[in-house]
Amino acid sequence: MEKKILLSDCPDDQGLIAKITNICYKHQLNIMHNSEYVDHSTGQFFMRTELEGVFNDETFLVDIDQTLPVGSHRSLVNANRRQRIVILVTKESHCLGDILMKTYDGSYNIDIAAVISNYNTLATLTEKFDIPFHFVSHEGLTHEEHDKKVVKIIDSYTPEYIILAKFMRVLTPNFVGSYPRRIINIHHSFLPAFLGARPYHQAYKRGVKIIGATAHFVTNNLDEGPIIDQNIKHVDHTFSSEDMVKVGRDVEKTVLSTALSLVLEDKVFVYGNKTVIL
Amino acid sequence: MEKKILLSDCPDDQGLIAKITNICYKHQLNIMHNSEYVDHSTGQFFMRTELEGVFNDETFLVDIDQTLPVGSHRSLVNANRRQRIVILVTKESHCLGDILMKTYDGSYNIDIAAVISNYNTLATLTEKFDIPFHFVSHEGLTHEEHDKKVVKIIDSYTPEYIILAKFMRVLTPNFVGSYPRRIINIHHSFLPAFLGARPYHQAYKRGVKIIGATAHFVTNNLDEGPIIDQNIKHVDHTFSSEDMVKVGRDVEKTVLSTALSLVLEDKVFVYGNKTVIL
Amino acid sequence: MEKKILLSDCPDDQGLIAKITNICYKHQLNIMHNSEYVDHSTGQFFMRTELEGVFNDETFLVDIDQTLPVGSHRSLVNANRRQRIVILVTKESHCLGDILMKTYDGSYNIDIAAVISNYNTLATLTEKFDIPFHFVSHEGLTHEEHDKKVVKIIDSYTPEYIILAKFMRVLTPNFVGSYPRRIINIHHSFLPAFLGARPYHQAYKRGVKIIGATAHFVTNNLDEGPIIDQNIKHVDHTFSSEDMVKVGRDVEKTVLSTALSLVLEDKVFVYGNKTVIL
Amino acid sequence: MEKKILLSDCPDDQGLIAKITNICYKHQLNIMHNSEYVDHSTGQFFMRTELEGVFNDETFLVDIDQTLPVGSHRSLVNANRRQRIVILVTKESHCLGDILMKTYDGSYNIDIAAVISNYNTLATLTEKFDIPFHFVSHEGLTHEEHDKKVVKIIDSYTPEYIILAKFMRVLTPNFVGSYPRRIINIHHSFLPAFLGARPYHQAYKRGVKIIGATAHFVTNNLDEGPIIDQNIKHVDHTFSSEDMVKVGRDVEKTVLSTALSLVLEDKVFVYGNKTVIL
């Protein structure tokens, strides 16, 4: 008995749930959990089906492919497979530390293949956990050159996802284009408020009463990619912008952690500039 | 084109989603939204299917009944039907007021058939909204006698649900037995903390940092019925028990409001002492 | 024995707390609660002192004035005084309804002197509570002319505060200038995200996972006034922009309610474009 | 220029704020931040005063002691002193890991003197951070004997606080009595709900919609000590008790983290069975 997840993403059509679940039934696969969503404004259908049974992937997918309408995406993945990520960081350790700990205690079923940074600051922490650390200084390099070096290292590890755990540089279009829907960033504000640099400083100046963080897929529109998760903390007049940075760390790591869990559990569909989370 | 909701609640079986959705497809009913849940520990299956189309209820339900296993419950309801409730109150107006307002502005698609109380306090407020108010004093009556009088009034209105919007009396088993899964209570604590009387006073004495409220179906085990919704507010040492009561009002009305919405939208299944919310 | 609140707002100076509390002590006034804040970045001092005792306001304030540095603001107000507000609305009832109910049940110690609107929609609701409703259509009037008519009505009631409870028009500078720090608005987004019109529509398009509301004092910079309170609700991909509007109502009324409580309890100092809440 | 914090805790008396702040003024100490609270029900006064200046501790405290009424507690501590803690754990790493990371990145200004456990599970993690790990098996020992061994190790490190970061044993009265108001525990429920063992299992059986965690000082009444912080997460019917355990970890580490920060910043007064947090 294996556990797999069928992900279907296609133009809506009559009887889709019936057709897909019929195939599961025919192949004697038990549906442990099924979630679906139709965006009626655009007519797009999404379904995530947790299956248990004895799989013949090939014949099952042939049936699925004959059923789904033209323009469909579908995939069948092992529910408990171990995924591989590469983490990019600059100098702050709170997001990296949280991922290291959750990997260590088994909360995430992942291999952290490597940590890459343009500073050496987090080498010691990374190496405590016997994970390769790559220091790729950006000094003396163009943005393109630096990104190329980083991409080359990433590719050598063939990761499923690239996590920007407070990587404080904008990626070049070539970099972003290499990993569509596979780069996850944590932005230190509740987007779309406080786009760009120094959001806590902006928040302090504006006198806001909540600060937030946003985890999103990276696209070539800075801070505009599909949002996976957001959350906030209440602040008040006694908070300096440094205090906001400090409190913000907790929101950032929580939001990135939630987003990463959702992605690793194959719950996140990307659709235009949005996510559907099933 | 009508919108209806099919609610299925039965022992789990192979291919249930396929079978039910097949029938919908066969009857040319579009599934606008489908949610299901299987409690694998007990093998119970729950499904809520929002349908759109031209319904022949009789033939559709014959097909459904032939498909579902023995011991199933199912119902087919109009999605936009106007439901009828009776509200029981004592002296506090915040929950009643919130329901009145949300009915007034169309947030709830309900008729408040009547408000019943053992005090006269809320007559004026109720009557501002042209709703019958029944004052049924408990003085000089046994608990049984009082409840009988109240039940008689309730029955004259044939409501779908009875809402205890801060009704500060324990109902007799006969009362509760008359409306299984149809009485909703707001309890002023996050159950199971602070069962029974004066929960804010207990909370104050214990020095808690959060207070809460719980909306639940009423059963004959006091404060033990299936929980529909719970929420909390943060408090601190500066809060007297009166302050907690005051802040508690906001949580109470919010939680009752959420629970009532869920119930009115036919999203709440009761299962043993728990709810499944689809 | 009376209860009064002394509010001090002045350039910071050595020994200010000692000096002010000495005067209270000398006048045999008990400090029931004292909060202070110094903005060290700008050297401004704020203190809110709840006092109990037999007051001779004149001699007490002479002492206070001799003590506070040049450029100080101070006021002494009765803690339990009944304040008077005027509410401006357009068509939506949820914020107005909440204030009506909280006034009705004594949660707010206020008189709602009048409700003014450019539509007639909320006349019936207002009049249920025996409060004057003024319908001032904006049709055929310039913005200036309409505002003048509204200001004239407001002034006839001499309110402490003007509450914009979903008043969907921008006020003219003359209007705003007439009531500095006395107009409170509820904006339907967590500012500074989604400034301007149709924030829920913007939020839907952006695919955010939280929506929010902001209560702030109105200044002549649209949506830029000092923020009093903000809060959020979580949303997901299933929310249409209409659903967001609906859920947003609960956040809006909660945030406006919190802000109004804070202001009525004399806890809010305005300082530049920010608030200090003691 | 030094920064110190004066903590005063005494029976309420007329003019206490004036008297204490006068002494600060006389000693030319600037009050950077002052918070006070009077519990009017019991007549107890609490004040926390952040001071900056050139201190002569001895003469300053002589003045303070002459001013405060009989039965007072006061202390003067360096604001930026590095505190020393010992952590007790069993097998779960999430709370320990969070404290390790926050110490590593400077969020906590502490030395983790040692980690002690009745299992060997967390030795590797602890030693990654060059912190002594003491494995003290409880096998073959009475509860008293085991606690004595642990106390002996703790005492060798002279810590300010002992943190029970998921230490799943009840401490003996002798142990608790050795460190009054210095042992902080994280309990995996929102007390007083689900006292005792297996709270998530209890929560699952009860069908609650929120789970929580409570950080409190340990006293000899199990799970009854003064609460420092509490928080919650929303759950639903899809959560098994194992899922609740997993989600619970995030609340537990957050609540313990908040409590530890408050304690380290000298903001927590213990008063009877409650805390006052200034």
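By letter and in written order, the chains are A, B, C and D; residue numbering begins at 1 in each of them.
Keep in mind that, in the parts below, contacts are C-beta pairs under 8 Å (C-beta built on N, C-alpha and C of every residue); 3 or more make two chains touch, one makes a residue touch a chain.
Just so it is clear, the model here is predicted, and its values are computed rather than measured.
Chain centres here are means of the Cα atoms, and by that rule the chain farthest away from subunit B is D.
Counting C-beta pairs in contact, the pair that comes out ahead of the other among A-C and A-B is A-C.
Residue numbering shows that subunit B and subunit C use the same positions for more than half of their mutual interface. Checking A-D, B-D or A-B against C-D, more than half of the residue-numbered contact pairs recur only at A-B.
For the pair subunit A and subunit B, the distance between C-alpha centroids works out to 37 Å.
Per-chain CA centroids place subunit A at a distance of 41 Å from subunit C. Among the residues of subunit B, those touching two or more other chains are numbered 33, 37, 238. By the touch criterion given at the top, residues 37, 39, 41, 190-194, 206-210, 212, 226-232, 236-238, 240, 273-277 of subunit D touch subunit B in their complex.
Those residues of subunit C that touch subunit B in the shared complex are 33, 92-94, 97-98, 101, 104-105, 107, 125, 128-129, 238, 246, 249-250, 254, 257. Of all residues in subunit C, only 14-15, 17-19, 21-22, 24-25, 28, 30-38, 40 touch subunit D in the complex they form.
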